[in-house]
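Here the chain labels run A, B, C and D in written order, and each chain numbers its own residues starting at 1.
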Amino acid sequence: MTLFEALDFALAAIVLGLAARTISARRVFGAVVAYVAYGLLLAIIWVRLYAPDVALTEAAIGSGVTGVLLISASTRLGPLAAPDAPPGAALKAGAAALSALVAGILATAVLYLPDPAPSLAPEADAHLAETGLGNAVTAVLIAYRSFDTMLEKVVLVLAVAGVWSVAPDRFWGGAPAPLGPAAPDTALVFLARILAPIGAVIGVQMFWVGADEPGGAFQGGAILAAMWMIVMMARLTEPPRISSGWLRLALIAGPGVFLLAGLAGPVMAGSFFAFPPGFAKPVILFIEAFMVLSIAVSLPLLVAGPPNREAGR
Amino acid sequence: MNDVLLAAAGITLLTVGAGLARVLSGAREVDGLMAVQLLGTGGIAALLLAASATGVAGVENVALGLALLASFASVAFVNASRTQRGSDRGENR
Amino acid sequence: MSVVLDLFTVLAVGLGVFFFLAGTVALLRFPDSLSRLHGLTKADNLGLGLVVLGLIPRASSPLAALKLIVLWALVQLGSATVAQMIGSALRRREEIE
Amino acid sequence: MSPSTIAGLTAAILVGLGLYALIVNADPLKKLLAFNLLGSGVFLVFGIIARRGAVGAFPFDPIPQAMVITGIVVAFAASALAVALMLSLAKESGRITLDPEGETRPDNGAENA
């Protein structure tokens, strides 16, 4: 066994240990701490698999923003967490057997994947020049599989609408609960004041270089979202009222602009979601800019939850 | 030289990872937060070492993203533990 | 010249790794939370700082080197704030109990 | 063993762990965590398929990777919706169990770890 094999095994063991800790921790708080650490290490495994784009997304959304969502949920639900009756031994044994079976089938499938593996990489590369992009992952997201990505933005809008819809009628149009305590740490206020502007610049830069290097609309948008959230956690700003026009416009800007560009395809380039040849890169970056806006707005709103104050306040 | 850097990356990651695993098996929640913080910094160091050794494009961008978010989850945790303790005792601080 | 620089890199990175090790040991061995916090912040500050210092000679361009330094500064800002917050949370807990 | 095989086996175990916890844990928030673990295991399988699709100068197949990126965002959106539903369930009923008889049962211990 080489040194690097040993390191890979050790990394896998720690990741699995953290996963086990996540599901076995008695209190949700401890479980979420383990989950955030798990997400961090998973991002490093993604780097090992030559997937820096995914690693960034996993670190920002899978670990960071999801962690904040779960931790704030556990705070609000914590006092209510009445312990349920523990599951019976039969249920545990059955679940263990089923899980072992599924894991076994999956492991077998992984070990007997066809060799040589099928790959679309040459096709993706062959048409990369037509998009004017250098990052094949961005090309897949915005050009080759653009319909998927557009609908995925629609899912985000629907999720925000779904979260808002659980609010009682009298709070409709009001603002969600604040993200931090009434008197935040002064150190946190300082951090938010310094970090947020720098982070905003880096987020925009990450979107911009995403055309050619790892990065892109999702990663840049997620970092901008995190910066807005840290400003709200320091109580420098409050979550906006959900009736505000700019907010709703920003939410639908991503899928809206994407859809319009797709509909303009038949006129400009001959088919739906086709971009005019020679002019594809500016169109792609234009669409992506609005996607960044929508992602940066929708992720914090999903974390903030339904409105809990009346619209007048 | 590159192998030395990669080995350093691996050792750093395993050290902080093992420390975290050890701490989380204990009962002290605050220590878990500290260990996650150390894991974040160690992970960034490991990524930078790996980026320098392998020259794979974009790894240092991942490190930059992690650096921005390093404090993010911990801030939420401390805020949450404050709110939790406050509500346990029916007070705000 | 490059041998000297390589030696410098190995030395600085090695020392950085040592500090991560020291921080982990502090986390596991120190008796109370405040001293664990103290040991930890020293370690991750110096650990990452030395690793960055060691990698600067290998940076492909001055801009890449600057990026490394900015990254280190960001981590410092974040971890110092978190340490402060954890410290005052511990303090409040002591006052209550 | 290659890094992608190790990651693939890790993914299989993650799916198993997530599925087990999803069935066994009664607390909806823990179910949500388990669901996220299961999901990241599935994403990791996509990741190794992308890595195995390395051809020539390309170190990975970009199509599965792009699908994982959209997948992570959708998983987060689903988690946020689930949290909102839990919070409103808690507000309506004052408890967060999915068990309709949970309240009438004797409170026999927190040992459901």
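We take it that a residue touches a chain if its C-beta (ideal position, glycine included) is under 8 Å from a C-beta of that chain, and two chains touch if they have at least 3 such contacts.
All values reported here derive from a predicted model rather than from experimental measurement.
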### Task
Determine which two chains are connected by the greatest number of contacting C-beta pairs.
A-D
#### Entry: Inter-centroid spacing, subunit D versus subunit A (mean Cα positions, whole Å)
14
### Summary
The distance between the C-alpha centres of subunit A and subunit C, rounded to whole Å, is 28
### Task
Averaged over CA atoms, how far is the centre of subunit B from the centre of subunit D? Could you give it in whole Å?
21
#### Entry: Overlap residues in subunit A, where contacts from two or more other chains coincide
4, 25, 32, 50, 53, 74, 185, 188, 191, 195, 198
### Query
Got the subunit C residues that touch at least 2 other chains?
74, 77-78, 81, 85
### Task
Would you give the residues of subunit D that are in contact with at least 2 other chains, written as numbers and ranges?
59
### Message
Which pairs of chains touch each other in this structure?
### Response
A-B, A-C, A-D, B-C
### subunit C-touching residues of subunit A, taken from the complex the two chains share
185, 187-188, 190-191, 194-195, 198
### subunit C residues touching subunit A - in the complex, by the definition given at the top
74, 77-78, 80-81, 84-85, 88
### Query
Across the complex, what residues on subunit C touch subunit B?
6, 9-10, 13-14, 16-17, 20-21, 23-24, 27-28, 33, 36-37, 40, 43-44, 47-48, 51-52, 55, 58-59, 64, 67-68, 71, 74-75, 77-79, 81-83, 85-86, 89-90, 92-93, 96
### Query
Considering the complex alone, what residue numbers of subunit B touch subunit C?
1, 4-5, 8, 11-12, 15-16, 18-19, 22-23, 28, 30-31, 33-35, 37-38, 40-42, 44-45, 48-49, 52, 60, 63-64, 67-68, 70-72, 74-75, 78, 81-82, 85, 89, 93
## Note on the structure
Counting only contacts in the complex, subunit A reaches subunit D at residues 4-5, 8-9, 12, 15-16, 19-20, 22-26, 28, 31-32, 35, 38-39, 42, 45-46, 48-51, 53-54, 57-58, 61-62, 65-66, 69-70, 73-74, 76-77, 80-87, 91-92, 94-96, 98-100, 102-104, 106-107, 110-111, 113, 117-122, 124-125, 136-137, 139-141, 144-145, 148-149, 152, 155-156, 158-159, 162-163, 166-167, 218, 295, 299, 302-303, 305-306
